[in-house]
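Here's the structure, in structure tokens; my notes come after.
Letters A, B and C mark the chains as written, and numbering starts fresh at 1 in each.
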Amino acid sequence: MLKVENLTYKVKDKILIDGITMHFNVGEIAIVLGANGAGKSTLLGLLSGQLKPNSGKLSLVDKLMKDFSQIELAQKRAVLSQHNVLGFPMKVSEVVLMGRYPYFESTASKKDLGICREAMSLFGVEKFADRNMLSLSGGEQQRVHFARVIAQVMDASETQQKILLLDEPLTFLDIKFQLEFMEIIQTFCKTKNVMVVGVLHDLNIALKYADRLFMLKNGQLIAQGKPANIITPKLIEMTFGIQPNIQELNGKIQLYF
Amino acid sequence: MRDTVSSVPLFYSIIMKKLMIFLLTLVLISSCQRFNNADKKANHAERIVLISKQYTEIIHALGAEKDVVAVDLSSIYPEKVKKLPTVGYHRALSIEGLLAAKPTLIMHDGINSLGPDHIVKQIMDLEIPMKTFHTKAKDVASTKALIHEIANYFHKEAAADSLCKILDNQINEARKNATKFTEKPRVLVVHFGRASNVYLVMSNGGAVGKMIAWAGAEMAVPDTSGMQHLSAEIISEYNPDVILLTDYGYDRLGSDEKIKELPGISSTAAALNNRIYRVNECDMVYLGPRSGAITLALQKLIHQR
Amino acid sequence: MIRKNQFLILLIFTVLIFLISIRFGAVQMSTEQVLSGITKWVTGDTNLTLYDRILIDIRLPRAILTLFVGASLAVGGVLMQGLFINPIIEPGLIGTSSGAAFGASLYFVLGASFSIHFGEWTLPIIACLGAVLSTFLVFILSETNRKGNSTTHLLLTGIAINSLFLSGIGFLSYLARDPQARSITFWSLGSLSGANWHAVILVGFSTLLCILFALRYAKQLNALMLGTTEAFHLGVNVKNLKIKIFLINVVLVSVATAFVGIIGFVGLIVPHFVRILKGSDHRTLLIGSAVLGGFLLSVADVLARLLLAPAELPIGIVTTVVGAPVFVYLLRKNQYNF
């Protein structure tokens, strides 16, 4: 379990994250929603350790996040984002192996290589393993990067809980693969002991896959809970400034604007 | 490949600069076919390499050139040395290039005129014999002394006597002529074209100052510190009566008319009175057996009106 | 298998060019003379002919120094390209070479008036100091103000510092007398003709040590190719890594440059070739570039010595004439495929 207590982050005098308390569970997809500038990316930056909070605590199971060394941190969490560009030629299998870099000194173990294979097959890129990354299409390259990031947290267990952060990874994908990707993440999250915390742009995809939602406004948490329990036209208007129509279908909520 | 754009112009400019240097080198090389000259003295036991244009001239004048197998690129007098193999420019020697001439003796007029430094060190480390004559030719007496010193080394004393006699006679003749002139023109010797209107000018220190004095004139630049870069303004302030332009710079500009239009020069007495003449650079920079003849020729140029 | 073979072939070619460079020179020697010279060198025989000494004191150190310098420059290129995540960077672009050249010019023009002297080490030491100064200026100036794209910022800072030091060199050559000015030109075009055993030992030591250090950071450099944020997520302390790689590069390039002057394009072209052949994994990239750099510089040096024999071309001109078109081609092609 990842616990966030009273987290505050300021740049000069501007408060970007204002005393947020929340927690995330293994096997659960948590999605953070909010308008531009609400503090979603800042929150993700704090969770990944890239930004240091001004006050408040972050703890994984019972250890404070700031007590992890950089390598330990890299063994605990991975971040999937949309801007992965590799300007150098490299074999696909070498790129995926980078996800295991925090785990070995100079040579990859059998376990690392096995995990890489598993990650590649998860995203259907194992057939490219020996190809030059730069010879793949943009979408194929993106899937290789997904495999790399997943490989980083693949070996989570009950005693070794791990976190997968999603930093708007769907932005440049077409709709078919957006859904495929979320299905893969959902299965991955349920079967491995991983907690997924993500920022997504598409509200309906968020509602479809989120186990819990966190609504941010001006750096403050204004609502949290299961989508069915908290989504109301009023909350959406408060968060995004527009009024939706809400429909429920098979227990899933859909929004129309 | 993002972020590369800004670096591109600099890179191209570096490339262009280096390519220019390369082309210049090619031009230099093609202009001196002397690199390909064959060694026609391959069977000589004694093999002397001369890295001093002054020694080259004196040794040839003495008829002592039997064992000279190679010279440096600046040795261009007498004409026949241009047919000898060369070891390159005296300040840009290459060790193997020098050793390829299989020298048993290297003659040069001082370590400071050899380069680059590490090559000099390599020659010394390999213990290749080197010889420098003690006498430095600064005036008539020391020029004669140098000729005699070299002649003693090669056992050509008789030849030295006659060279010195000619030198004495010519210098005396020039001095006698000089007393007859009422005018003592101020002469500016421009060595090397010009870049951005800055002129490389010979000052009063070296051989040229002596010869101009013997010829009954004086150097417009009184300073004795060797070559100087002078701006156009200073040139017109010196206002020389006569300008001597060395071959390289003269030939590049092509004609007296063009030279007279140059900023700085155009307002001088020399330009107004058409007293701008071409001289050979290699005749101006050291004293030797021909210095008397050269002085007489200069005298004729300077005082021809 | 194919990859192993490529490396083996490269090694064989490197040994071959090494043999060629000690066998041929402006001084004609027979194979027997070369062999007897090497035998005497190995056995420590002190009864040496002039030919033995040419071989032992001039050709051998030069051939070995060439390998080390080529390796240094190529690995320096790999490190800079990895560090700035940009495949068209070389040490010359971020001030290292111009700083070294400035230090050397300072020595040529004002060396006589220095109060501290280290004998024949003075030039290398001052050139190193110049390289360290310029590179750190670029590093510090581009680090303290990191708004916007840091690579662009760094390149622009490099251009500014480069021109600053180049104009410093210009000023010194203007002050210089003819022989000093010649030394500056000579040095800025690069030449291996100053090779001796001191240089071989020092450059060899720095080359091997720096490559070993660099190999320790190969994995981190790989991660850095994904960008600084991704590298951080993979557990790389980016700032720390940058400083270490910078240090290794400065030592590597400035020690080599101090002895041989400025030799361009090796640091740019060699890593490109290795990437095309073997990809960008820094473990193979570093080792492959070291060997290929040594090989290519040896070829260039043999050309520099033999094209105009008995005179010698500055090697910087050879590498530039070959390197510039290749570089322009790579810029236009702008894509790797292997």
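Convention: a residue touches a chain if its C-beta (ideal position, glycine included) is under 8 Å from a C-beta of that chain, and two chains touch if they have at least 3 such contacts.
Chain-to-protein mapping (UniProt): A = Heme ABC transporter ATP-binding protein; C = Iron ABC transporter permease.
Every value quoted in this text rests on a predicted model; they were computed, and no experiment measured them.
Visitor: Whose Cα centre is nearest the centre of all Cα atoms in view?
Guide: Per-chain C-alpha centroids compared to the overall one single out C.
Visitor: Could you pull out the chain whose C-alpha mean position is farthest off from that of subunit A?
Guide: B
Visitor: When the centre of a chain is set as the mean of its C-alpha atoms, what distance in Å lies between subunit B and subunit C?
Guide: Centre separation, subunit B to subunit C: 37 Å.
Visitor: Please work out the Cα centroid separation of subunit A and subunit C, and write it as a whole number of Å.
Guide: 44
Visitor: In whole angstrom, what separates the CA-based centres of subunit A and subunit B?
Guide: Spacing between the chain centres: roughly 78 Å.
Visitor: I need the residues of subunit B touching at least two other chains; which ones are they?
Guide: If we look for residues of subunit B contacting two or more partner chains, we find 1.
Visitor: Residue numbers in subunit A touching 2 or more other chains?
Guide: 85, 87
Visitor: Could you list the positions in subunit C whose residues touch two or more of the other chains?
Guide: Residues 86-87 of subunit C each touch two or more of the other chains.
Visitor: Using the touch definition up top, name the residues of subunit C that touch subunit B in the complex.
Guide: Against subunit B, subunit C makes touches at 25-28, 50, 53-54, 57-59, 86-89, 92-93, 120, 149, 151-152, 155-156, 158-159, 162, 174, 177-179, 182-183, 186, 189, 191, 193-194, 196, 264, 305, 308-313, 316-317, 320-321, 324, 327-328, 331, 334.
Visitor: For subunit C, which residues count as touching subunit A in their complex?
Guide: Listed in rising order, the residues are 85-87, 219, 222-223, 225-227, 229-230, 232-237, 275-276, 279-281, 335-338.
Visitor: Under the definition above, what is the set of subunit A residues touching subunit C in their complex?
Guide: Residue positions touching the partner: 48, 50, 70-71, 73-75, 77-79, 81, 83-91, 94, 98-99, 101-102, 106, 132, 134-135, 152.
Visitor: Would you pull the subunit B residues touching subunit C in the complex into a rising list?
Guide: 1, 3-4, 6-8, 10-11, 14-15, 18-19, 21-22, 25, 29, 35, 85-89, 91-92, 94-102, 112-113, 115-119, 121-122, 125-126, 128, 226-227, 229
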